[in-house]
Amino acid sequence: MQIARVCGTVVSTQKEPSLTGVKFLLLQFVDQEGQLLPGYEVAADGIGAGVDEWVLVSRGSAARQPSGSEKRPLDAVVVAIIDTVTVDNRRLYSKSAQSR
Amino acid sequence: MQIARVCGTVVSTQKEPSLTGVKFLLLQFVDQEGQLLPGYEVAADGIGAGVDEWVLVSRGSAARQPSGSEKRPLDAVVVAIIDTVTVDNRRLYSKSAQSR
Amino acid sequence: MQIARVCGTVVSTQKEPSLTGVKFLLLQFVDQEGQLLPGYEVAADGIGAGVDEWVLVSRGSAARQPSGSEKRPLDAVVVAIIDTVTVDNRRLYSKSAQSR
Amino acid sequence: MQIARVCGTVVSTQKEPSLTGVKFLLLQFVDQEGQLLPGYEVAADGIGAGVDEWVLVSRGSAARQPSGSEKRPLDAVVVAIIDTVTVDNRRLYSKSAQSR
Amino acid sequence: MQIARVCGTVVSTQKEPSLTGVKFLLLQFVDQEGQLLPGYEVAADGIGAGVDEWVLVSRGSAARQPSGSEKRPLDAVVVAIIDTVTVDNRRLYSKSAQSR
């Protein structure tokens, strides 16, 4: 999985029928020092992530594992909202510190 | 998924038999600031996307999820025509604004 | 899929038994302006592509969709010999023009 | 698989229900000369790897092969703790030498 | 598939139980001009490749196609020992020439 920051949304009405009701988030990748990377991913969200939160994104066939998505043509999904990231005993990110 | 602009078509007569009738679009990737990237993808289209539209493209085994494509040797498919992309509360793209 | 030019062959006698009889082509990737890229792929060919032809190559599990390849440890396959590539209403490539 | 050094952990409470109890390690990739690379991966760990150990990480659908993970939306998993890496008859890494 | 040179081995005792008995080779990628590339892959070997040989490596779910590997968390496998590589009618590599 990669760490990413939720930075936006993508809306579509004309799409594969199986994607009806799927929320698409625009995610910007974050490196292991907490810096934003140039790359992004548009991922389905089933756990209610919001703008500015850090999340874990799974890509590939993993995106079709959540219940209800087995037949959807998805290749990326938000699987977790991150509470903390710790690197070499240093706290890189803490959700509670961000939201204060 | 990645955001891409439809920029062309690829036509082939000599191909895997299961690909008969599949329309191949040439897509140019777009970054999260709306700029065209150097990379591209040739993707199957089942939703009627046209040149200059922005679309979402799914890659990998996702390309074989749409009905009828289960056995086709595809690794990329257009899954949605994008209406709007919003990044950090700013409207990056709007289909209706483009087509005026 | 990516566009690639057939530029060579790879021959092996000591290999996974299921690969007996599979022809391996060396493909050089082509960008959306028709320029050769540094990357390459070795792909199985089941449609009779020849040197200098432009083809579409599918990667990943797509390579095991053609009949007979379901159990082969392949991750790339030539799925189409390209007749024409059209980008922004300009003909980038035409097989018949090349072969004259 | 890629070689990576375990450098941290990611903790999440709000996540896909199937991920409950899964431990997420932050891995930094190592090149074939033993140098740390800029890229990283967050991977599930089922074999008890600890910080500073070198591991093998498998990506893609391989991450759902370990028993119990078949339905989890994972795309990376730690599959082995490395004892030794030997390149061109030279010992690049030895776990026992590191831990002395 | 990619062309790679076998350059070493990776040994592990603490690993996913299903990987017991699997031999891990360290492979360095080779480009289409025969030059070594910076990237590498650790791949399972079931065909007896040795150091300095050039091989074809398949990645992704292809790695679980060889008999006995269906349930192993592998994402790369050596599928062929290369005899010859021919590019634009030029012999780029010949195993018999190397081993003389």
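Lettered A, B, C, D and E in written order, each chain numbered from 1.
What we mean here is this: a residue touches a chain if its C-beta (ideal position, glycine included) is under 8 Å from a C-beta of that chain, and two chains touch if they have at least 3 such contacts.
In UniProt terms, the chains line up like this: A, B, C, D, E = Carboxysome shell vertex protein CcmL.
Keep in mind it's a predicted model, so treat the numbers as computed, not measured.
K.L.:
Once the contact rule is applied, which chains count as partners of both chain B and chain D?
P.N.:
Of all the chains present, those in contact with both chain B and chain D are A.
K.L.:
Could you please state the distance in Å, as a whole number, between where the Cα atoms of chain B are centred and where those of chain C are centred?
P.N.:
21
K.L.:
Could you work out how far the Cα centre of chain A sits from that of chain E, in whole Å?
P.N.:
That pair's centroid distance is 33 Å.
K.L.:
Can you list every residue of chain A that touches 2 or more other chains, as numbers and ranges?
P.N.:
Within chain A, residues 60-61, 63 contact more than one other chain.
K.L.:
Looking at which chains touch which, would you call it a line, ring, star, complete or other?
P.N.:
Basically the chains close up into a ring.
K.L.:
Please list every chain around the ring, with chain D first and chain E second.
P.N.:
D, E, C, B, A
K.L.:
Report the residues of chain D in contact with chain E in the complex, numbered from low to high.
P.N.:
1-3, 31-32, 46-48, 56, 58-63, 65-66, 77, 79-89, 92
K.L.:
If we count contacts the way the header does, which residues on chain E are in touch with chain D in the complex?
P.N.:
7-16, 18-19, 24, 26, 28, 38, 40-43, 51, 60-61, 63-64, 71-76
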